[in-house]
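In what follows, structures are represented as structure tokens.
There are two complexes below, and they share chain A, which is joined by chain B in the first and by chain C in the second.
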Partner chain A sequence: MKKKFFALMMAMLMVLSLAACGGKEDPPAPGTDAPAASGEAGGAFKLGGTGPLTGGAAIYGNAVKNGAQIAVDEINAMGGIQFELKYEDDTHDAEKAVNAYNVLKDWGMQISMGSVTSKPCEATSAETYADRIFALTPSASTTGTIEGKDNMFQMCFMDPNQGTASAQYISDKGLGTKIAVIWKNDDPYSKGIHDTFTAKAGELGLEVVSDTTFADGNDTDFSVQLKNAQDAGADLVFLPMYYQPASLILSQANSMSYAPKWFGVDGMDGILTMEGFDTTLAEGVMLLTPFNADSTDERTQNFVAEYQKRFGEVPNQFAADAYDCVYAYKQALEAAGATPDMSAEDLCAAMIEQFTSMTFDGLTGDGMTWDATGAVSKSPKGMVIENGAYVGLD
Partner chain B sequence: MKSLKLNKTTRRNYLTYLLVILAYVILQILGSTGSISSSLKGMLVPICAYIVMAISLNLTVGVLGELSLGHAGFMSMGAFTGVTAAIALQDAIPAAPLRMAIALAVGAAFAALTGFLIGIPVLRLNGDYLAIVTLAFGEIIKSIFNNLYVGVDKKGLHMSLLSDKTSLSEGGKLIIAGPMGIGGIQKISTFTAGFILVMITLIVVFHLVNSRAGRAIMAIRDNRIAAESVGVNITKYKMMAFVTSAALAGAAGALFAMNYSTIVANKFDFNTSILVLVFVVLGGLGNMLGSIVAAAALTILPEALRQFSDYRMLVYAIVLILVMLATNNPTLKSFFSRFKPGKSHGKEAA
Partner chain C sequence: MTFLNFLISGISLGSIYAIIALGYTMVYGIAKMLNFAHGDVIMVGAYICFYAVSRFNLPPLVGVILAMIVCTVLGMVVERLAYKPLRQAPSLAVLITAIGVSYFLQNTALLLWSSNPKVFPSFFVSGSGGTGVELFGGQLKISYVTLFTIIICVIIMLALTWFTGKTKMGKAMRACSEDKGAAQLMGINVDATISMTFAIGSGLAAIAGVLLCSAYPTLVPTTGSMPGIKAFTAAVFGGIGSIPGAFLGGLLLGIIEIFAKAYISTQLSDAVVFAVLIIVLLVKPAGLLGKQIREKV
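Right after this comes the complex of A and B.
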């Protein structure tokens, strides 16, 4: 009979799923995170984070995971403080991020790297706040991420700061006078930057001649927006968005032979490593990012070389931010004299004290400091893409 | 024969109630002794929300027989209005359970209203056409919430579209911030609230299906022309099922949203509608218990597969295909029915 069959099916499914859930409380399954787990598990700080390892935003999640992994391996090799790193996939979704966070909690995470992308991080930061686990996100940049949470810190700029910094930079360097902005109106990241950019541009006397939008689902054809910008005579187009739509905009502008100056933000980082993208189209694109892979700084060069050796590509800013996060943790933990047997709550209190008082030098800036809200203070660098590589503008 | 059949349905309904209560009690006991993982604990409320979504969609798809592809739109409507109500009443009503109940009611009411308005044009259509139009409405609701700004201050609620023109007075708070959605939501959803909502949903749906109206609705599904010819008011009964379904989805949305500190309109997109439809189809059209099991199992499954890391979603898809095949395979069904004692007249065994 159908009913009994269903009852049986249900029982089976429930037992299976519950069993599978319970099974995860055992030592972490060997996976891609295995190298970290091979350290002395007893004496290591359990460091966890969630990020989009699959799906549309996977390039960020994987960059962060890889960058953090390199830092963890280096630190573990030095002796002294040991880390055990575990990243869980959240597919850039707040619901999945909370699930992933709970998995990490079951694993025994003591300090957190938050989430990679903004909205998921807002969701997990509420959880870390409630559970008193200290979190330092490499890349979640909205104000909502750190707002009202004393144990949530950022390694990246906040969105509003990116907007004002971009407008300031364009104005200071005289890059353009008539500016077009194309932005994604259903994306908090894009909107946050757009709003502060236009406000600051108005203050600085930059003329925004064209202000057009797109959204999820109609992000493949930009001819209308580009035509609008072209007709308005914009000589610089500001693209506060991630690199996928930006790549389409660049190629479509090329096909309609519209060649203004392009200016992006940190989401543009990654465009050169995108599969199937003709990097010559990105020639001359400027972006504001705190990290320069071509820097002559020794630490940066070592990091870039190691990253290329392991993962076969040039690390972007997200990887560098994650690398810095792990080193910032190392510095703070050493200064606080923390030991891995401390509870997450005690570590949280110690970390809040350290982060608000310390100064940190990393790949993405020297002399970084944090205020009590959790926002970082560091200065951005202007970059331009030349011959398929990022080159410092200054 | 007829009374026997009715009896069977009633028995089945009571079995469903019983299993849901049993699951709740077991999970509560396990939870209080701390023997369930935080991973499962964190999923309990979303599972309840998805169960309500699946049951309510089953009312439209299984009982009314119309394919709706925009069910997440109603969830979205309930989520945003419910959370707005909860935030606006934060100071007026300090008791979280009461505020939660009001938020669920507000979410359900607004979703029902939307369902009614959408129902007027939509229910003139049938089959594929109706499916496409519901899909479109789901997208419209998503777009509206992506461009809606709602703020609250001493003077009450302020609304604007496209950009923030709410100009709140001192001490005011922007609740819905367009694409940023709602942030800083107090997490007041609890598993108990979710359980109560599931029970209410079951009671509402079972009573509707087993009533005169329910039989009219099923008559429309089975043969629209025959139903019309015997004087069944097609529009009325279709609307009844559609609006009930929308209201329950709205309550589910409010429950879901208040389990997270932040919610965005893009969460309730076409994919979510399809996900809920998968629950319904997997559980069986018109089979409420099946919907409950499918919703719970398919919400837990992707999390349970985390050990596969990069291949997780691939494994998930394969498991989904296998389960779909297995539940529809007559050989397998008869294979399982052989193990059932005291069953000599099994239809599937033949």
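Right after this comes the complex of A and C.
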């Protein structure tokens, strides 16, 4: 412990002395922690983010990191704006996310990708707000992530929007009239979607006949929830949750011979790549996601090919969101005429101005815009799992 | 019929708790320590079996035996390295060490096997592809996993009772549990006896791991921790140290949990389960089948 502390002190001293060197040619704005950036990195913007690179949600963290890395490499190869990307592990834990964020700040992060998952991002967004570092999260979707923070933006739908969009979609396509919802009541992500879904479903005349929950430590046996849905005659079950409990629900429903239509949300993405998962169980599962890897769009195809070449799997929506984040930053930085020697605080002001006024075309939607709260406006695509792969519904 | 369905769900969940609780209670009964790492030994057992069967295509039975061997060795190593040096230390120190071992195992598993969830293969499928016995024209269904778990539970329970009651080693174990110092004076090798207890407990954990993951087939490095805590609760509920008590406690806990979900509220099920536990402990502090031991002064 003592040794580590000593090493840390030495590292800090070295960073400070480096910063002092840089300071001679280019005095940094007072009250920022960006000076280290103007040291050796030279002409690159320091872009940082935290995400679960290990732990139960690692599939999302790694997808985001990989997607962002591809975008950064492409942009750097083009010349012009240069990025330096750094991801720190937060294991989907709010406390560790703040520690990871502090590591990034010491590294000299100028603009942030926030955190990948919602709970940690609610914690780091409070930090970026206080430190005036602009953040654009690819995937943290709760309202709490952006609420009351003028410099926190989202690339994904906000949960409430996902709930309303799902209800709207189910109603428009006539997928079901009697709906059961199984949700995780200790997870703000799941609860956020559930609340707006049931409200919107009521407006649209969809009948929620069964509304049951589970929580951490209680997430292995779903026979009661499924029986309840079955007895209530639900013809569609809405699952606002991540894919791991969803896989158990699908397999238990199968052994009960209960086969309603299944409708998931973006957290369902990843179920097909679970090792040993019998993908026939997920046959016919529908979900709303802004990204379709089978799209014929040229940029999407290039991205999917590159991702498969490097990481050996089809990118999910999280990877695409992260890819879009980096390109959105590129567009905004170019429009603002920003340079890498600007302080994080100045960049923050410039980015807020750009993001609230620009229109961005990415892999996850055309003509995206952001309002002052930081929420994105784009249209989701319906997808269905057929023969173990995602196919567009429209 | 719905009631019977819920009862069967409760029994299948409870039988899993019971089999884990047997391991807890066995170690507590002899070594008088709470081995909080038990749940994580279960996880290790499940991973070994998963890799043996899914990656190396070994027959399930070989996978289970391999898992038992690895877990038995692991249990003895953990006991030797982490618990033995603390034999004379206050029990609180050992308890904290056990929690440390638990985290150590979880994080090692995270490094070795990554966090991506694995889906455990199902062993309990009949020739025609069925997964359970159907009664009343398919209205009730008892899965083979549940039947098998209960049978295994009963066998283990009887075997343990016989072992601790009749064999020489078992008698030595009971002697150690009663009074370590006196046992040593009578020529019993206390260290070897406790080591043996851990070996048996960990071997049972491997079986429990395979059954847990057969019933609820997702496997991540934290798979064992929550069922481990629930099973610990079950062991306390039934009377910790008592072998039939662990079985009864496990089954009851599973049934109460499912009934609370079904008839009270899915949101409150855990609150109900633990409220029942508190009430039982208030009325019978030693648990349902626990022995009230009077301290001689």
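Here is the rule we use: the second predicted complex is superposed on the first by the 354 of 394 C-alpha atoms of A that agree within 3 Å, B and C clash if a C-alpha of one lies under 4 Å from a C-alpha of the other, contacts with A are read in each partner's own complex, and residues count from 1 in each chain.
Operating definition for what follows: contacts are C-beta pairs under 8 Å (C-beta built on N, C-alpha and C of every residue); 3 or more make two chains touch, one makes a residue touch a chain.
Everything numeric here is computed off the predicted structure, so don't read it as measured data.
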item: Chain B versus chain C as contact partner of A:106, first or second or both or neither; value: first
item: Contacts of A:217 with chain B and chain C, given as first, second, both or neither; value: both
item: First (chain B), second (chain C), both or neither touched by A:123; value: first
item: Partner, of chain C and chain B, that touches more residues belonging to chain A; value: B
item: Which superposed partner A:259 touches (first chain B, second chain C, both, neither); value: neither
item: First, second, both or neither for A:95, with chain B first and chain C second; value: first
item: First (chain B), second (chain C), both or neither touched by A:391; value: neither
item: Partner chain in contact with A:185 - chain B first, chain C second, else both or neither; value: both
item: First, second, both or neither for A:59, with chain B first and chain C second; value: second
item: Doubly contacted chain A residues - partners chain C and chain B; value: 54, 185, 215-217
item: Interfacial residue positions of chain C with respect to chain A in the complex; value: 2, 5-6, 9, 12-13, 50, 54, 110, 114-121, 131-132, 138, 141, 143, 215-218, 220, 222, 226-227, 229-230, 257-258, 261-262, 266-267, 269-270
item: Chain A-touching residues of chain B, taken from the complex the two chains share; value: 12, 15, 19, 36-43, 46, 139, 143, 146-147, 178-181, 183-184, 187, 260-267, 269, 284, 287, 289-290, 293, 296-297, 300-307, 309-310, 312-313, 323, 327, 333, 336-337, 340, 343, 346-348
item: Chain A residues touching chain B - in the complex, by the definition given at the top; value: 1-10, 13-14, 16-18, 20-25, 29, 31-33, 53-54, 88-89, 93-96, 98-103, 105-106, 119, 122-123, 125-127, 130, 142, 144, 147-148, 184-188, 190-192, 215-217
item: Sites on chain A touched by chain C in the complex; value: 52, 54-59, 185, 212-218, 220-221, 223-225, 227-228, 231, 244, 247-248, 251, 255-257, 273-278
